[in-house]
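Both of the next two complexes hold chain A, though its partner changes from chain B to chain C.
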Partner chain A sequence: MNNSRSAESRPVRIHGNRRLFLYYWNRTKQNKLAIAGLGFILFLILLALIGPFFTADPTHVDFAERNVPPLGFSTEESIYDIKTNAFTVNLIEGTWKHPLGTDGKGRDMLAMLISGARISLEVGLLATLIAICIGALIGVLSAYLGGWWDNVLMRFTDIMMTFPFFLLLVLIIFMFGPSLTLIVLVIGLTGWTGAARLIRSEALSLRTREFITAARALGASDARIVIRHLIPNVASLIIVMATLSIPGVILAESALSFIGLGDPSQTSWGIILNDGQKSLDTAWWVAVEPGIMLFFTVLAFNFLGDGLRDAFDPRSNLDAR
Partner chain B sequence: MRKSWLQGYILKRLLYAVIIAWGIVTITFILIRIGPNSPADKYLANIAARGQDVAQVTAAIESRYGLDKPIIVQYGDYLMHLAQGDLGWSFSTSMPVIDLIGKHWIYSFQLIFLSSLLAAIIGILLGMYSAVKQYSKIDYIISTFSFAGISIPNFWLGVMLILLFSVKLGWFKVFYDTTLPLLSLENLKALVLPVFTLGTGMVAGYVRYTRSAMLDNLRKAFVTTARAKGLPERTVIGKHVFRNAMLPLVTIIMFDLGSIVFGGAYLTEIIFGIPGLGQISFNAVFANDYPVVIAITLIGTFLALLVNLITDIAYTYFDPRIRYE
Partner chain C sequence: MTDSTILEVQDLKTYFFTRRGAVKAVDGIDFSLKKGECLCLVGESGCGKSVTVLSLLRLVAAPGRIVSGQVHYNNVDLVHCSEEKLRGIRGGDIAMIFQDAQSAFNPVLTIGDQIAEQMTIHGSIDRQAVKNKGIELLKEMNIPEPDRVWDSFPHQLSGGMKQRAMIAMSLSCDPKILIADEPTTAVDVTIKAQILDILHTLKEKRGMSLIFVTHDLGIVADIGDRAQVIYGGKSIEMASVSEIINNPGHPYTKGLIACLPDSSTDSERLASIPGTAPNPIDLPEGCPFHPRCAQVMDICRHVVPKQTIISETHTVNCHLFG
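This part shows the complex of A and B:
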């Protein structure tokens, strides 16, 4: 990071950053739910990274082992025999081979859920990164340039903000065809409006502060003021914003996949849920499991984001609790 | 004096709304043009699927859509048609898009109206209670449930409700009968699960907003003053704290209506087979019925714009402190 910094100032800066980091970490640590959220997110990342090495291929179809319930559950499957014109009822029990069961095509649920975790995290993090970068750029530029530029950028933000997000997403995927890259790009390119507004208003109030005036009086260029003074001061805001917007992104991708507009080549939670919805009466777990994962993932990011917001907010008095 | 700046402000807001509407229409037009499938392609695919002669139809469509004209003329035509309320022709249902929407909007309206109304009432009441009894057991329970409520994917909640109440228990049927009158007992019963699905996230959100807005105001000096002069607690909370907390709340509720609720209603209608605009758009996506998908996106967007505009203007009436130059 920050290779351009001169050698003399480096030790002091890093020291200052570490102290600040420890300060915020200690404040965040007090919120048990935030730590639980962080723990779940780290677990999910680990699962997505090393899980695929230990589980079966999530796309492997095996009709001999279809509709196997999760471990500890059992279902009855009635098979109609055309020759004898009779029903035979099979009792299927959960096995260790498929601890979370299999779907109607005999695909292993555990492997599919791990693949879904990877996709959800990828989509959530990448799209949010794009959105936050655009939002920060537009917000800071709008506040810093002011006047005519501010007006144009903010009207454009208004236009983008007015589009009901999901309808726009459906329209674009409908026109350009479903692919995961496109979904990430579209969410990233449309989801920046909230960040832009928030960062603009924060940057506007910062712009008139003494330390900015002092920096300008010392002859700092516009670019330097923006990069070294404005952006670090809105960084905490950006981190909170990003954490709290990840769940929305993950849900948007799942919702699209759920209604059949997702990338059919990827096993995402939404796509599993779409299959599961059709087989509620034969294999309820196919619909239940991805939803539980989705719920806890979203909850974890919400908990963490809330905790971070309290930790970064100097007005919230955590020690008093 | 107040009247004159207010009129100026409303005029300015209206002008902005027109600019935003123009921007939305233009962005949609650009999207249609840069899309890999033009409306004609989708139409032709449809014609070919029905076994009709493609070459014969091509020319007719090109002149129908004005695709043989220069792009700027097409853009002008597009704006003109929209201004006249001509949203095109839906070939999957063989009727003008505007008639199709006229037939189905009421189902969406019914779902969104009922869910929003119930969610706002329940959410605000629970949020107020939670704030007044801060750090009590009930506050913790309400807060926990509201956290769960904003995190639960509403489409999954819908599927789970169907699994529990329709598949396992058989209490509710999961399809909507359009032949019965709108407000018949059967159809109202079919709305219970959808309203619950759409409303849960909203209730949770409103509880959180109300609670934090109430808490913000409870700490203010005027509340101490009100208590000091001996007002009963009911009046302090109901008149002084709640009224001040309501203002930001109304903006949030109205903004949610445009940005989040439309998406939620779209999914809810698909899950429960309610024949509203979301369902129409969804069917149109899979029938390649271009004009319908675009028309419903535009209508959703314009409604959101209108709601924001009304909220902004109403705000200046309700809060006399607000002044815009």
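This part shows the complex of A and C:
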């Protein structure tokens, strides 16, 4: 098909009162990776929501069943016997009771991973929500108000940008003790700068468009123009930015947990990973399993974000493919 | 202000403050608008027509600022009243339609959303009533399938439909004055004829006053009752349309009329006014038109001409009549 036609032929396909949502859904749908990513994310959400009802208690410790490998794997455990003064080798095989094995304290890996999924998603979504809301507000206000306000808000953004947020996190956690709420708040309250700048630049080009003047000519107030006219026009950017920043946040929480600054009362993937690295030689699965989960989750969000970006970009010729 | 006058503009000046100096886009415009008449603001590109009408509703964006003048509507000075009061008048009593309907609609909201928004701003709450009235207006604009158009996004409509939908939107709050800023420039001739027809009907039917900004004297002759010629941000001639066409006073107006193609003679080339429009940063001293004027006198180079009354309906700012 020829490329030049696609832009014009698009509107014909969405007629009547099917909304823009359908239009973008149709465009996103063409990206198989994005759909796979979306599928994985939905699966993860479902797992985090209803999984805990079907799995064992992730905090249940059972030393008799420690270091059980995942189903289909086996591992050898040497036990020193005092009576015979010799090592006996026990073969431990994976069981259906613990399909993904157990860790060094006999906790069920499946249950821990599912509870970790909840925490990772919570952290990722909440922190991103905070960051994107602040970023969008500052970006749009900065662009719309312009002049002095623009200067003040953007210099504030610059200052926040130069702040080494990881060090700030370490400092705050050192001072107040590790807690998930604190981690979410700090990531959210410091992670909005990139979004603010991008959204400002987008809104800046919108501000001079005639429909903003037209809206004022209709008697719309500043607040109405920002909420009804500016924000919906940068919504695509906001959605893409949010989707692409979620994996970063999840990784940041894992990294914090990995270096021992996570919330010890929660079994997040980073904390399991941290536990697992100590026993990599005897029970590799404890570290590998949360690693795989992290890998696919981050990949899924990135694929979805890329797909959405293409779908929202009017210049990408999706029909031509 | 006489009874029939609905809007009166006095000595309006809007400057844009740039690094290279103040751009005097509007530099002393006076006119009055009567109930039910169509006043045309005529001038070439960059003469300040659009900024004049934007200034009426205080829509000029920074770095532009209204530096002096008054716009009286209904005993309210629109230049100095509160923002809140002005918001009630914008879109309510005085509505505006723009040159390019494509960019005057928000691309992510449906036509219906945007028409409804205006009514909501000005106090209509009942969604069904709002929709009924909106669709009725679209029908009045000769838009086919108004129900479908109501739910369409701007990019799904043709240019002419959008322009008519915008007129429908501007009428949704029954304005007393409609300001049209070159609404026919971005559309083809058939749509142009339709739009002029619609505006003409509106004026006749609703008794609405119209301020029509254009550079096209053909349109002025077609729709206008009176015309105000603007040059270099200043009013230079104001008269009824027949007087402007048949008996222009100012040399600039004469030049504009002479530029119109005339089918009665078969001259090959169209006439033109020598020179270009003045640079609004550095307006010439005296009469802004004097560098291009064929009948220039010494006084024109130093003294800004005052308004001279030629007849009851005809004033001109030119030393030739002084």
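Going forward, the second predicted complex is superposed on the first by the 299 of 321 C-alpha atoms of A that agree within 3 Å, B and C clash if a C-alpha of one lies under 4 Å from a C-alpha of the other, contacts with A are read in each partner's own complex, and residues count from 1 in each chain.
Keep this in mind: contacts are C-beta pairs under 8 Å (C-beta built on N, C-alpha and C of every residue); 3 or more make two chains touch, one makes a residue touch a chain.
From a predicted model like this one, the values you see are computed outputs, not experimental measurements.
Three-chain overlay on chain A, with chain B and chain C fitting side by side and no clash. Within the superposed three-chain model, A:R228 lies in touch with chain C and out of touch with chain B [touch as defined at top]. In the superposition on chain A, A:G146 contacts chain C only, with no contact to chain B. Judged by the touch definition given at the top, the superposed model places A:T213 against chain C, while chain B stays out of reach. In the superposition on chain A, A:H60 contacts neither chain B nor chain C. Ranked by how many residues of chain A each touches, chain B and chain C are led by B.
Legend: residue contacts after superposition of the two complexes on their common chain; A:K97 is shown touching neither chain B nor chain C.
Once both structures are overlaid on their shared chain A, chain B and chain C have a minimum Cα-Cα separation of 11 Å. On chain A, the surface touched by chain B in one complex and the surface touched by chain C in the other have no residue in common.
Taken in their complex, chain A has these residues touching chain B: 155-156, 158-159, 161-168, 170-172, 174-177, 247, 251, 254-255, 258-261, 273, 276-277, 280-281, 284, 287-288, 290-291, 294-295, 298-299, 302-303.
Residues of chain A touching chain C in their complex: 11, 14-17, 20, 146-147, 208-211, 213-221, 224, 228-229, 232-233, 235. By the touch criterion given at the top, residues 54, 57, 59, 61-62, 87-92, 95-96, 98, 100, 103-110, 117-118, 121-122, 148, 151-153, 155-156, 169 of chain C touch chain A in their complex.
Chain B makes touch with chain A in their complex at residues 16, 19-20, 23-24, 27-28, 31-32, 35-37, 147-148, 150-153, 155-156, 159-160, 162-163, 167, 258-260, 262-264, 266-267, 270-271, 281-282, 285-286, 293-294, 296-297, 300-301, 304-305, 308.
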